[in-house]
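Okay, handing you the structure first.
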Amino acid sequence: MSRTTLTLGPLLYNWPAADWRDFYARIADEAPVDTVCIGEVVCSKRQPFYADVIPETIERLERAGKTVILSTLALPTLDRELKYCGSLAREASQMIEVNDISTIPALAKRPHAIGPLINVYNEAAAAFLIAGGAARIALPPELPLKSISAIVAAARNAVIEVWAFGRIPLAISARCYHARLHGRTKDSCQFVCEQDLDGLDVETLDGERFLAVNGVQTLSYSYCNLIFEARQLESLGVSALRLSPHTCDMVAVSQIFRDVLDGIREPSHAMRAMRTICSDAAFSNGFVHGTNGALYVLE
Amino acid sequence: MKTETRRPLELVCPAGTPSALRAAIEAGADAVYCGFRDETNARNFPGLNFSREEMKSSIGYAHSHGAKVLIAVNTFARAGDLTPWLSAIDDAATLGADAVILADMGLMSYAAKNHPGLRLHVSVQAAAASSDSINFYVEAFGVKRVVLPRVLSVPEIAAVTRNASCETETFAFGGLCVMTEGRCSLSSYATGQSPNMNGVCSPASHVSYRQEDGVMVARLGDFTINRSSADQPVGYPTLCKGRFKTGVGEGHIFEEPVSLDVRQLLPALQNAGVTAIKIEGRQRSRAYIKAVVHAFREALDALADKRSVPISSLAPITEGQSVTGGAYVKTWR
Amino acid sequence: MQEQAPQQVLRLPGFVAWAMRPLPLLPLEIALGRLVKGIVARHPELVGRLNGSEWRCVAVDPNDLPFVILLDMREGSLTLRLARTLDSETAHARISGPLIALVGLVDGVYDGDALFFSRDLVIEGDIETVLALRNAIDDADIGLLRETAALLEPYAAPFDRVGRSAIAVVRRTLGLGGAEHRGNAS
C-alpha cells in the first residue's frame, strides 16, 4: 500500500501579503507536507495584494521539494475572473486545482486536480472526471466514510484526497457577508475581511458557536479534525489528507498528522497536542461519520 | 425591435403532487417539473412527490393538455448505491418525460450514454454560473438547457445566454437561495441531512418551534436559527435566513426571509435571450401554484401582446411576506 | 422591494366559542368522524402519503373554538377524536389557527406555508408529520365544504353558500387569486 501524503490546501482567508509570504516560507522550510496548493479561491479582489509574491513562493516551495498546485476561484462569474482562471489553466506549468466547472474546458484534458468545492459524490462522477484528465480529486467535505471508500475503490488511478483539518467550507455566494455585516456592498468592501484571519465567528442568538464568515464564503465554526480517522482513511486507500491553513501552527499540525500516519505517535496523544496547538478551536468529525458535520463523534 | 424576434418565454412550474400538477396546467403552465417520491430529487419532503404510477398518469394528463413534464433527478447519487438514481432516469425515459433535470456529472454521463433520445436539462444544483460551465455540459453530455443559479444579475444573464450553446432557464418567483445552489452544506452541517445527498434543506425531522413568552424560537438540530416576535412575518427554517450574532453585528447576516419576484424584469429577461422562466415551490400547495402560475400567465400574455405587465400582489403568499429582485438586481450583493 | 405587514386571517367572533362551550362534544365528534371516514374512503391515496407505520397524533386546534380535533394516523388509517383541552402528552404535533384558516387549508383555497409565514398558523412538535399530513390533504383535493354539505343534507345549499363567502374573504385577504388585486401593496 502506498503511503498517504499530506496536502496543504489553499489559504482561504485574507492575510496581509507579508504574512502570506512568511507563512509559505515556513511551510517550505519546515512542514512535512508533500503538496501545497496556493492561489486565491474565495475572492478575486484579494489577489492583487499578494500576486507579486506568488512566483517567489512557488519557487521556494518547489526548491524545498514540495509539489505546488495552483488553486483557482470557486465562483468566477465576472469576465476578468473567468479569463484569469482560463489563462492560468492554459499556461501554468504547475498542476491546476479546479474549484469551478468553468475552469475545466481550458485544461483540454491535461492532468489536473479537482478541488473539494466540485461536486464529486460518487464513483460515476469520479470516473467521468478522471477520463477527462483529473489526476487528483479532493472529495467534498460532507461525504461520509462509506461514500469515500466506494469512490476510492473505484478510482484507483487517481489520488483521492479527504478534508482532514480546518474549518469546513460550507457555502459560497455571490454576496459578500463580510461587506454586508459592515454595511458595505461587495464593490465597496474596503477589504474588511482582512480583520478576521481565520474568518469571522458566527454565533446563534442563544450563544451557540456555529459558523464562520469569510467574504463570500461560509465555513464551519468548528475545525474538522480527522486525526483519529487518519489511519483508517489510509487503510481504505485514501491517498492524501488535506490540511487547511489557519493562524495556528500549521507546521506542528502537519507534523502531528505525519507522525500519526507513520505510526510514531498515537492518535490520543496527537489529539492532546492538537488541543494545545489550536487552543481556541472546537473540533468536529461528524461528516465522515455520516452525521451532523458540527459533531465530534467519539469512536 | 429586438423583442419581436424572441419566442415567448416558456413558463415552467412546480408540482409536488399530481393535484398540484393539474392545478399548474389549468392555470397556464407550459411545463411542469416534479420528482419521484425518494431522495433522487431535491424536494424530498414528507408526503410529497410522485409514485411511478402517479408520474405515468400525470404525464398522460400533461401531454393531453399540451404541457410538458420535466422530471428532476437533481440530487447527487450515493457512492456505491447508484441504483435509485439510475432507475429514476430509466423510468423517466420509459414514462415519456419531456426531459430530466440533472445535477450530477456521473448521472449526466449515464443518461447521455444510455438514453441518447432523452432531453437533458442541467439543474440549478449543478451551479453552472458561466457560459464556460454551460458549454462544458453541452459538449460533454449534449444537454439542451441549463437552469441558471440565482447569483447572476440580468446583464450577466444576458451575457451568459449570449455565449451559451444551449437554452437557459432562470428562476422567476419563489424561495431565494442566497448561497449558490448545489454548493451548500449548511443544513448538512447542522442536521446530517444534506440537500445534495438527501434532497432536503432544513429537514422537517430536525426542525422544532418553541413559544417563549410570545417569541417563536426556531431550532434546527442543536442550533437556534431564529427568534421571532408575534408581529414579525417568518420564513422557512433555513439557516441562510436565520438570525445570528457576530462581533460586528447581529440579525439576518446572510439574507432576510424574502422571496424572488421578477415580473418587473420579464421584458429584460426576454431580451436577454432566456428561453424559460421557472417558479420555485414544489413543496407548496395547490393554492400557491394556482395563484402564482395564474399571475405569471397573465404577465407573459401581456408581454406577448406588448401590453404593460400587470403586477398583482403575490407578497402575502411569499416567504417573509415580501419580494425582491434578488441577485438579478446587482445592489443585492 | 415590496413589503407588507403580516396579514391576519379572520377569527370567529368570541361569542361563538362562548355559545359552544356548554354543548356536548359527542354529537359533533360523531359527525366529524363520519366526515373523515367518508373523505378517507373517497381519497384512498391520502393515507398512502402519510409517513411511516408508527402511530402519530396531530392536534388540530381551532383557536377560536373551545375544543381540539385530534387526528390519529396509523398505517393505512386516519381517524378523528375531539378533546376539550390539550396537554403535551396527547399529541405529537399541534397545528393551531382560526377555524376559517384551517378549513380553507383543507379545502385547498390557500397555502399552509403562507399561513405560517403570516403567523396565522402556529405549528409545534413533530413537524415532519404535520408536513406529511398537509401535503397528503392538499393532494387529495378534498373540497371540505362540499363533503360537509353532503353530510348536512337538507341544509346543504345554504351551508355551502355561507362557507364559500367566508372562504372568499380569506382568499382576498391572503391575495390568493380572485379578480381583485390588493390595493395597498407598495
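Should a chain be cited, it is by its letter among A, B and C, assigned in written order, with residues numbered from 1 in that chain.
In this text, a residue touches a chain if its C-beta (ideal position, glycine included) is under 8 Å from a C-beta of that chain, and two chains touch if they have at least 3 such contacts.
Keep in mind that what you see is a predicted model, and the values were worked out from it rather than measured.
J.: Could you draw the chains as nodes, link the ones that touch, and say if you get a line, ring, star, complete or other?
T.: Graph shape here is a line: each chain touches the next, no loop.
J.: I want to compare two interfaces, B-C and A-B. Which one has more contacting C-beta pairs?
T.: Output for the comparison: A-B.
J.: Give, as an integer number of Å, the spacing between the C-alpha centres of subunit C and subunit A.
T.: The answer is 50 Å.
J.: Cα centroid separation between subunit A and subunit B, in whole Å?
T.: Comparing mean C-alpha positions, subunit B is 29 Å from subunit A.
J.: Which positions of subunit B touch subunit A when the two form their complex?
T.: Subunit B reaches subunit A through residues 76-82, 103-107, 109-110, 126-130, 132-133, 135-137, 139-140, 151-152, 156, 159, 178-180, 182-186, 188-192, 194, 196-197, 221-227, 240, 242-250, 253-255, 327, 331-333.
J.: In their shared complex, at which residues does subunit B touch subunit C?
T.: 16-20, 45-48, 203-205, 207-211, 216, 230-236, 257-258, 261, 283-288, 290-291, 294, 312-325
J.: Spell out the residues on subunit C that touch subunit B in their complex, using ranges where they run on.
T.: Subunit C reaches subunit B through residues 1-7, 49-51, 105, 108-114, 116-119, 122-125, 127-136, 138-141, 173-177, 181-182, 185.
J.: Along subunit A, where are the residues that touch subunit B in the complex?
T.: That would be residues 74-77, 79, 82, 86, 100-106, 117, 119-129, 132, 140-143, 146-151, 168, 170-177, 180-182, 185-187, 200-208, 210-211, 213, 218, 220, 286-287, 290-294 of subunit A.
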